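The first chain written gets the first letter, and so on, giving A, B, C and D; residue counts start at 1 in each chain.
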Amino acid sequence: MHIVVCIKQVPDSAQIRVHPVTNTIMRQGVPAIVNPYDLFALEEALRLKDAYGGRVTVLTMGPPMAETALRKAISYGADDAVLVTDRAFAGSDTLATSCALASAITQIHKDMPVDLVFTGKQTIDGDTAQVGPGIAKRLNMQLLTYVSKVRSVDLEKHEIMVERRSEGGVQLLKTSTPSLITVLEGTNEMRFATMANMFRASRYPVKVWNREQAGIEDIASVGLKGSPTVVSKVFAPTPRAVKAEIIQCESNDPKDLSVTLLAKVFAKNPKLENEIAKRAA
Amino acid sequence: MSVMVKVEEKLFQNRYKVDSGRPHISIIDEDKCRNQCESQACTTCCPAACWTMEGNGQVTVISDGCLECGTCRIICDEHRNVAWEYPRGGYGILFKFG
Amino acid sequence: MSEAPEAKKPAGKKRIELDDRLKAYKGVWVFIEHERGKIHPVSLELLGEGRKLADSLGVELAGVVMGVPNDTTRSFCFEAFFHGADLCYLMEDPLLTDYRNEPFTKGLTDLVNKYQPEILLLGATTLGRDLAGSVATTLKTGLTADCTELNVDLDARSLLATRPTFGGSLLCTIQTLNYRPQMATVRPRVMPMPERDARRDGRIIEDKLGMVESSIITKVLEFIPDAMQDKPQLPFADIIVSGGRGMKKPENFKLIWDLAQVLGAEVGATRPVVQAGWVDLERQVGQSGKTVRPKLYIAAGISGAIQHRVGMDAADVIIAINNDPNAPIFDFAHYGIVGNAMTILPALTEAFKAHLATARKAG
Amino acid sequence: MAEKFDVIVVGAGPSGNSAALRLAEAGLSVLQIERGESPGSKNVQGAILYSDALEKLIPDFRDDAPLERHVIEQRMWVLDDDSFVGSHYRSDSFNKPPYNRYTMIRSQFDKWFSERVQKAGALLICETTVTNLLLDGERVIGVMTDRQGGEIYADAVILADGVNSLLAKKAGFHPELQPKDVALAVKEIHFMPQEVIEQRFNVTGEEGVVIEMVGKITKGMMGTGFLYTNRESITIGVGCMLSDFKKQKITPYQLLEQMKAHPSIQPMLAGGEMKEYTAHLIPEGGFNAVPDLYGDGWMIVGDAGMFVNAVHREGSNLAMTTGMHAADTLIELKSEGKAFTAENLKRYKARLDESFVMKDLKKYKNMPDVFHTNPQFFNDYPDLISQAARTMLTVDGVDKKTKEREIRKSFRHRRSLFGLMGDAFKLWRAFE
């Protein structure tokens, strides 16, 4: 079984702060990490490999420094790693990204047929959840999003059974391979790499492909040209014109403050008073 | 001059990868902290306020916000009651600037 | 949508030239999501928003209903009319029983190609995101996920889709260039629910799916509904009492629960509090948690970081309690008390109790 | 099959990087193990880089090292509760390349340094904690890590694992540190626009300022405060002896917060945004606290070996120099075909004794004791000095001669004349 796991190197968005005064984004010291959602996909793929045998190839598109993310994936136990990087990819939106990744998967497939493609459910920087479905459609693979568990794989029949999270419950789905699975978060915990894999990762020669090597002939299908959407504006949320009315009273006693507050709130929002009274009754 | 400081506000700016369920610092003998230690210096000198003195006189440590400086271990020189290891590789504080 | 956006121009709208072929695309569509006999509220919220977009563009608003052939499915068209749709595209087929990507993608893609809407909106739910991503790629058009605000640039008839980015620290506006339809998914509870008007009516246009079961590879073997435990339903709560890091200790969160109980409210929390394990993930309000739209939101010990704000600032009334008078929460709360949440909360709980007792006597 | 190397270097800070660089350049097989996510992610320093030591290792370091500002001005402040008396030393000679001192941000610097090391051929493995040394009798034959299959072998292990020096302790090479031998420093980094920093500190371009502070900010504890200007940020911190923290039961972040609120310091930080809060121990035991530095198959370098000159606030340069000498010792022995035995590794100590490292430490060897036994240096004097300045500078109709007399009186009042002379003598002896 050959599983390709698509990962992305992202800024650790939890570390991004906006300057309170100037409202500008502060990028200093924001480290690049493997998209946390992708780690669930990688671990799920590694578990399948442990159970059924086969190989796991990690794939990413990004700047040269994204190699670090791939090396990390190797340390967890992935067998191969491919970095697709080219200036032509700059400005790619999700459609163009899925085009490039789909093409790279086709190239990987030539060396060793791909049975499954795994990705995280979304990235933490873009949060779009579109690249996975995009790759599946381009490669004409069965798409299984928000998968919480891979129940079984039948290699001979090319069948796979998964649990998929949907609104209000879980769908038990059966489909055939090749298929693309986006993995739900919290479904597993990434393993602690072995020493042998740490050595392997630090010596592994990551395959670096440019646009041609990734099999993308049409330059207009990637980068800015291949992106239907464009970011026209990035801005900080505007502060509400009127600031909070700060409740004050002479005593500054919590009790008096509370009573004053309620009187003010209910005087202005009589409906709210009825609402609360109704609930409390 | 007294200044209100919330160390949580400071630690919030830091980046951590917490190894949940595997604290890297622990108390060897809790009874020693309660009954034999007079200074309980760890509860005032830890720069990340990981150590607290509970109402019942017991000292507890929660190492999630630990800056891995070593103060608590060295300061416990009379009792040597702190089991102190570095966190597992890659876990713990991750300085953005250092 | 570019994933780590850099504005290509400092600000404002992008001048977009549209091919003649694409000028034929007209109308605003909302995909009506339903599961087990109920419309997902986000679809109705989108009808309200779609109505505004359609009116400003001078076009019709359509609902798209796909499901098994029965009265319930058909009744969703009428619900769509009551909430603002002018017409509905109805596709009924036994293959559309449970949601599966393949038949729904084909059905929706066919409808788009046949009737050519200029804007297509879906809820940012598991279903909506799955379907939107597939349809957009199949149509090779642009899709903006998780929007919090929609507008149109009338000159170019271009959808201006605004969404949080960089983990919610900033907002960005995204436009679809020379492609149609312009697709967007919108988070539940971000847009207000429109008034239901049962006198409204509309046209139903029916279409066939044109697939047979044997051509669909993925089979649903079973649906396991979530155990009916009382999971918090924050997005639909009318009153929420939330606590942040300013509550200092997990024990202090009891004060939040006490007030919530008196008000019949849900309890919410900020990300750091959830991360520290003081309350369940289900209760997290904000960018990486739930978006809420209650009538009353009480924020105690919450500084008001943007990550939290994007999840709750649509609340009708926000009351903030914080000991830092400069905390950003006071910039967008309606009422504020500067003080220690640990002493204010119990007093507030008592004040509500007393007030409700008087109200009950009077009523 | 367990891996085997000529040398394992534990830690990728300045001392470990220097050793690994040197060894790799000489063609030895080197494995460097770092417990942080990347080199620098566990490391804390003020930070000032003295170029001399690094220049010996990487002569062209200025071309691409991530340096912040070169220091053209050194200020010394003595603070009481609400004022300071200070001296500024600014010299144009500091402003002529090649510069001698730079401010830097350690996480960036260490990463850069490590890249150089890897380019030279050393293998780096991060996110891996060395938990123990592998011993064959007295001889160190490798390390044990916290990963499955974690035994790795080497002919020599260089311990560059920082001030806590857990590995040597576990192996029984030296005892636990004493609270009197380490200082605890806490600091914060505050970001603000470059222009603001330049205006506020009267510098342009890449020029920088360093302020060292003593006085009431340390509440009578032996220690100093510091403020360094980086390109777009300011580092502010305070460090005091751990034994004093313990004795006085002072909470470090409270101390820092009060220092930041000092009317002379607060305006320098106004408008900035704090982005990180760090704490670190500094080995300040000096010459007398330096442990055994070598044995069969092992050597200690950097902070782990107490190599800090507390008086001149030098550390990273000593770290680099000791790392370099440790490496050079191994390279020399290897070329002579000699084993890395304790007997042969004596040469490491000999090299250090010959270098400025030991000479400087020896020069100030009594310094720590002087301050430990004489708290007045950090307590009474700042008050007195600042009172003196205030008295002199206040125009109030009192003649200067009377003022001088008052100042002398106040000094004598707080410390007897005998005490004053004694202090001067002690200090002089320590520096001598």
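Methods note: a residue touches a chain if its C-beta (ideal position, glycine included) is under 8 Å from a C-beta of that chain, and two chains touch if they have at least 3 such contacts.
Source: prediction; values computed, not measured.
Student: In contact with subunit A and with subunit C at once: which chains are those? Just list them.
Tutor: Of all the chains present, those in contact with both subunit A and subunit C are B.
Student: Looking at mean CA positions, which chain is nearest the middle of everything shown?
Tutor: A
Student: If I rank A-B and A-D by number of C-beta contact pairs, which comes first?
Tutor: Most contacts of the two pairs: A-D.
Student: In whole angstrom, what separates the CA-based centres of subunit C and subunit D?
Tutor: Here the centre of subunit D sits 53 Å away from the centre of subunit C.
Student: Report the inter-centroid distance (CA atoms only) between subunit A and subunit B in whole Å.
Tutor: Their C-alpha centroids are separated by 34 Å.
Student: Express in whole angstrom the distance between the two chain centres, defined as the mean CA positions of subunit A and subunit D.
Tutor: Distance between chain centres: 41 Å.
Student: Please report how many Å separate the Cα centroid of subunit B from that of subunit D, as a whole number.
Tutor: 23
Student: By the touch rule stated above, which residues of subunit B touch at least two different other chains?
Tutor: 88, 94, 96-97 - these are the residues of subunit B that touch more than one other chain.
Student: Give the residues of subunit A touching no fewer than two other chains, as numbers and ranges.
Tutor: Answer for subunit A, listing residues that touch two or more other chains: 14, 17, 20, 28-29, 31, 192.
Student: On subunit D, where are the residues touching two or more other chains?
Tutor: 37, 107, 127-128, 145, 147, 233, 275-276
Student: Make each chain a node and each touching pair an edge, then name the shape: line, ring, star, complete, other.
Tutor: other
Student: Sort out for me which residues of subunit C touch subunit B in the complex.
Tutor: It is residues 245, 248, 272, 276 of subunit C that touch subunit B.
Student: Going by the contact rule at the top, pick out the subunit A residues touching subunit D in the complex.
Tutor: 17, 19-21, 26, 28-29, 31, 192-196, 198-199, 202-203
Student: Residues of subunit D touching subunit A in their complex?
Tutor: 3, 37, 107, 123-125, 127-128, 145, 147-152, 191, 232-233, 271, 273, 275-276
Student: Quick check on the complex: what are the subunit A residues that touch subunit C?
Tutor: Contact set of subunit A toward subunit C: 8, 10-11, 13-14, 16-18, 20, 25, 91-95, 97-98, 123-130, 132-134, 136-138, 142-146, 161, 163, 165-176, 227-237, 239-240, 243-247, 252-255, 257-259, 261-262, 264-266, 269, 271-273, 275-277, 279-281.
Student: Which residues, counting only subunit A, touch subunit B once they are in their complex?
Tutor: Residues of subunit A touching subunit B: 12, 14-15, 28-31, 192.
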